[in-house]
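Shared chain: chain A. Partners: chain B in the first complex, chain C in the second.
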Partner chain A sequence: MIRKTILSLFLLFILAEYLFAQGTGDIGVVIERNSGSVVIVNTTSHQVVRRVEKLGNLSHATGVFSRDALYFFTFQRDGWINKIELLTGKVVAQKKAGDNAIGGAISQDGKYIGISNYQPGDIKILDSDNLEILKVIPALYTTKAGEQKQSRTVGLVDAPNHRFFFALMDAGEIWAVDTRTPDFPILHQWKEVGNYPYDALMTADGRYYITGFLKSNWVVRLDLWQLEEGPAKVSTIDPNLHLPKVPMYKVPHLSGWGIADGKAFTPMISEERLMAYDLKSWSPLQSVPTYGTVVFAVPRPDQREIWLSFAGPKNDTLQIIDVATQSSVKMLKLGKSISHIQFTPRGEAAYVSVRAKDKVVVLDAYTHQQITELSVQGPSGIFFTNRAHVIGL
Partner chain B sequence: MIRKTILSLFLLFILAEYLFAQGTGDIGVVIERNSGSVVIVNTTSHQVVRRVEKLGNLSHATGVFSRDALYFFTFQRDGWINKIELLTGKVVAQKKAGDNAIGGAISQDGKYIGISNYQPGDIKILDSDNLEILKVIPALYTTKAGEQKQSRTVGLVDAPNHRFFFALMDAGEIWAVDTRTPDFPILHQWKEVGNYPYDALMTADGRYYITGFLKSNWVVRLDLWQLEEGPAKVSTIDPNLHLPKVPMYKVPHLSGWGIADGKAFTPMISEERLMAYDLKSWSPLQSVPTYGTVVFAVPRPDQREIWLSFAGPKNDTLQIIDVATQSSVKMLKLGKSISHIQFTPRGEAAYVSVRAKDKVVVLDAYTHQQITELSVQGPSGIFFTNRAHVIGL
Partner chain C sequence: MRQVLILFLVCCLAPFVIAKGVIANKQPPRLSEASKARVLMTLREDCANCHGLYRLGGLGPALTPERLKVYPVEALALIIEHGRPGNFMPPWKDVLSKEEIDYLANYLLTVEPTPPEIQMRGEK
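Entry: the complex of A and B
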């Protein structure tokens, strides 16, 4: 009887293995900002597969994927990290690693999760397996009054040769940490890089770490091939174009900066333009006037177009810029509160969150026509599993 | 009783779903060239997971992944295509689509498989679901004697906006096909591009299609942003360096050309050097002397190094070139018949096939030390699932 049961179980499992075999290459996560949930989507069928609820405060939430593309780790404003299994929607681990987290990264080898906190001002390094906190790195700095404080941290990314890079918002510094050495030592601390870095990114080739500032008229580039040269500053002022200042409705996101055609297309704070920089020489090239103040500037994977979303009253419009001519080729009115734009891995379609309409619109990347729309409650961030394989994402 | 059985089955399947949930982001395929089999490997544990046998003639076999990263499609010299499910090793579809196939591609939307045949000279387009042949495109050309013939085809890749590009070896032409329009029309036929194109590649950003020639002293670049300009030729002759010719032990592989730092590092036929070209201006920059005649020139994902394998008597050596200084930084003697080199997606490790030693060596990408080795019978091509998400792969 027992032998028979074991045999039946074994055969059922073999059968189940065939029935449930499923790839994780065409899966994505969409944050439902206000309801503390995420939906898991399939980018082949363009459908919502399941909803994962009771995750906490997901306002401004972001996340990363495990290297096997089976798990998604959330970084939340309430300091919680949820490790979600994508095929079942099960939360397999949870940890509170701060009181106010702004983002995070996964190490190049997939072993560690780094989380960047506003409160307390630190980064924490966790075991990606069980979310155990392995290391706390307080972002200590000395104020002009001589006081020892902890800075908010931003722009945490992974970099080649097992590094984490991040910026200290209140201190105006950039730090690099070694994630290969057991104690996670700080390798570099560049000081006085600018006032109030608000975000930073790693280019997809893992070569340049670029930081934007709220209160300095420059952008900083670190060339990881020549770290001894330190951060290089380049002005955000365009001598040939003087646009009126508009309110800062929202801080732009560098994670969405347009790196295309060897240039960085960078949203300007409180101005309706992008500024293009040559990535290699780090010289400013020209301004690209835009319909509104840019929040996300997302290149189509073939880099021929950059798709823009805007802050404030113009956030109902998606604008498409042709990279070759740097001119506007299309304006799409999709509805209030367009936020995130994410292209499918090979770039044939784009997913766009239209928050006030409770939908994600799926657009053909070439004809710009709507393919379908997905019903999602207050969608914001969209993340596809191909990010598991790209340094800095 | 029946209700109980159904309930038990249901519960078992739920359990099985949890037990078998597995990501496909860290999986790879290694071709076992002489035994007609492949092994499926896990790049997190660095282990062989299973072997899939009786696939046919896998000499020079290559392949592509489905967009969900669940399936691998083989392109074989015997003209067979096998569709292998990676989690179970089951062959779920098979088709003979020619008598001698050299390579293939998957369309941008994942719906179609293109196969490039030497015999008969054509490409065929198949349904990626069931491998049904949907279209045959004979590579027809007229010889100088006025005879109508079919050319061998090479360098078939997918390109942005739902295109396939390929070259006609005997005709010296490059063609482009539209995979979005039902009848798969030929969009472009560029003639007299050079004598005997032997392979071609699409750069990872989907912008440049580059073709190499066996009997013309130039390399051709098509800029997909300006197709009206047609193929641009650039010489392979270096006026500053005259190296002795060596035998052509093996045709280089363009799929392994080193695209790094905005340059194409291109193996020269019968010469012990790479030639570097500026990708944008398409001007020759300089020669990089190498230890032997290069078969594969594979950039580390951060593009700081290019790893080389060689043909003929020097094929026991892996050479590492620093891209910044274009100098040799390391020579590793790993054993006879080093062929393929494949980096893990974020670039922390490299897998190297050492055919005569029946092993795949796993190296640390930064220290160049051996991490482990895998027992594989006569390994050649190595493919990881992150290729599912990259145009042209």
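Entry: the complex of A and C
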């Protein structure tokens, strides 16, 4: 009798496991900025699956996925990192690793988390398992007055051959750290690359690290195949197009820089245009006038279109640029504070957070028609699990 | 050049407004509820981009009453209105009315931001 009961319970357990087994390939995380929570969404059913609350200050929060796409690590303005298990919504580890953080990365082998801090100016490297802090790398530099200071750090990404790359905002430098060697040595320090780097990106093939500047009229590209050549500067000035400088109500984000058709479509500071650069020769091609100053330039995964969001009073509009003709094909008024655009892994749909309307709009990537909308409180960043397998994200 | 001019204006105004600032703090400009909502929406949706949702600073400096208390309310209103050229603080005069800007300056000086707490999870 007892043996029968145990056997039935065992079979029931196996059946339950089979029935409720879930993958994470079609889920993602949406930051609810104003309420210190995130929601986990399913991109097959286009539904909110669960909400994870009391995470702290999620202003400007971003994050990365573990390589098994089971965990999401938040990088928060208050310096906290929360490790969230996606299938249960449980916070399985947390750590305060700064006082004012701006972003982070996960190492190529998935073992380490890097967090980039404004305050104190450093990056910290943590064990991705339990979030123990393993190394603090202060972003030390010498000011023109000869004073030693710590710079705010930006644009931290993982790179091929176990590297972290990041830029020093106040120092105007780019550094590379080796994440394979236990002491995490600094391998490169390129100095005087430009004034006030504000963000950077790694191309999805892991070849180019591109940095934008607030106060220099150039963009810098590092070719990881030829690091000895150092950072290559290319001008942001278009001799053929003189647009007026306009107020910039929000600084562009580069993780979505439009890499498409062998070109980098780069947002310009205080100007309503993108500049297209040939990625390989790193030479300027031409400007693409835009509706406003661009915050995100996100290529559709097939790279035929680039979807743009804007700053300030024009942030209620999504503009779609056709890459082949480099012209505007659609303007969609979705509501105040369009703050992020993310395509589903195979690119059939786009999720757009419309923060002031408390909703995420799901659009068909090809017809541009609305599929549905999700009720999400103050949505900002959107992250899908396919990012777990892309270098630099 | 514009930056020097604005700095000059702020310096000229300072002696007059320091005393008045105290009074102004006590008597924030009267605004319609819709205008107040617009100001708070701008603070939450636009200012927060650089200064943080809880005004603790980011790309731009912190905007807490503690840090701002050295500034007269009129000086703050001037900076909001005209921006700080060269420092990426944009002018807000095309977005908010003069009264709304005065209200915002007053709000920044008097209302403390309260960041949400984090759920503690055992030993850190």
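Here is the rule we use: the second predicted complex is superposed on the first by the 378 of 393 C-alpha atoms of A that agree within 3 Å, B and C clash if a C-alpha of one lies under 4 Å from a C-alpha of the other, contacts with A are read in each partner's own complex, and residues count from 1 in each chain.
The rule we apply is simple: a residue touches a chain if its C-beta (ideal position, glycine included) is under 8 Å from a C-beta of that chain, and two chains touch if they have at least 3 such contacts.
Since the structure is predicted, the reported quantities are computational estimates derived from the model, not experimental observations.
Chemist: On the A-aligned overlay, A:Glu53 touches which partner chain: chain B = first, chain C = second, or both, or neither?
Modeler: second
Chemist: Scan A:Ala356 for contacts with chain B and chain C and give back first, second, both or neither.
Modeler: After superposition on chain A, A:Ala356 lies in contact with chain C alone.
Chemist: One more residue to check, A:Asp68. First (chain B), second (chain C), both or neither?
Modeler: A:Asp68: touches chain B, not chain C.
Chemist: Could you tell me if A:Arg346 is touching chain B, chain C, both of them or neither one (first, second, both, neither)?
Modeler: first
Chemist: Would you check which partner chain A:His242 touches, where first means chain B only, second means chain C only, and both and neither mean what they say?
Modeler: neither
Chemist: So, does A:Lys330 touch the first partner chain B, the second partner chain C, both, or neither?
Modeler: neither
Chemist: Please determine whether it is chain B or chain C that touches the greater number of chain A residues.
Modeler: In the superposed model, B touches more residues of chain A.
Chemist: A:Lys191 contacts which: chain B (first), chain C (second), both, neither?
Modeler: In the superposition, A:Lys191 contacts neither chain B nor chain C.
Chemist: Between chain B and chain C, whom does A:Gln303 touch in the aligned arrangement: first, second, both, or neither?
Modeler: A:Gln303 contacts chain B only, not chain C.
Chemist: Enumerate the residues of chain A that count as touching chain B in its complex and touching chain C in the other.
Modeler: Touching chain B and chain C on chain A: no residues.
Chemist: Would you mind writing out the residues of chain B in touch with chain A in their complex?
Modeler: Interface residues on chain B, with respect to chain A: 9, 12-13, 16-26, 43-44, 65-71, 85-88, 90, 108-110, 158, 160-162, 205-207, 224-225, 262, 280, 301-304, 324, 345-348, 366, 385-386, 388-391.
Chemist: Residues of chain A touching chain C in their complex?
Modeler: Against chain C, chain A makes touches at 33-36, 53-60, 77-78, 80, 82, 91, 93-96, 100, 102, 118-119, 198, 214, 247-251, 311-313, 315, 336-337, 355-356.
Chemist: Would you mind writing out the residues of chain C in touch with chain A in their complex?
Modeler: Going by the criterion above, the answer is residues 41, 44-46, 48-50, 52-54, 56-59, 83, 88, 90-91, 94-95, 115-119, 121, 124.
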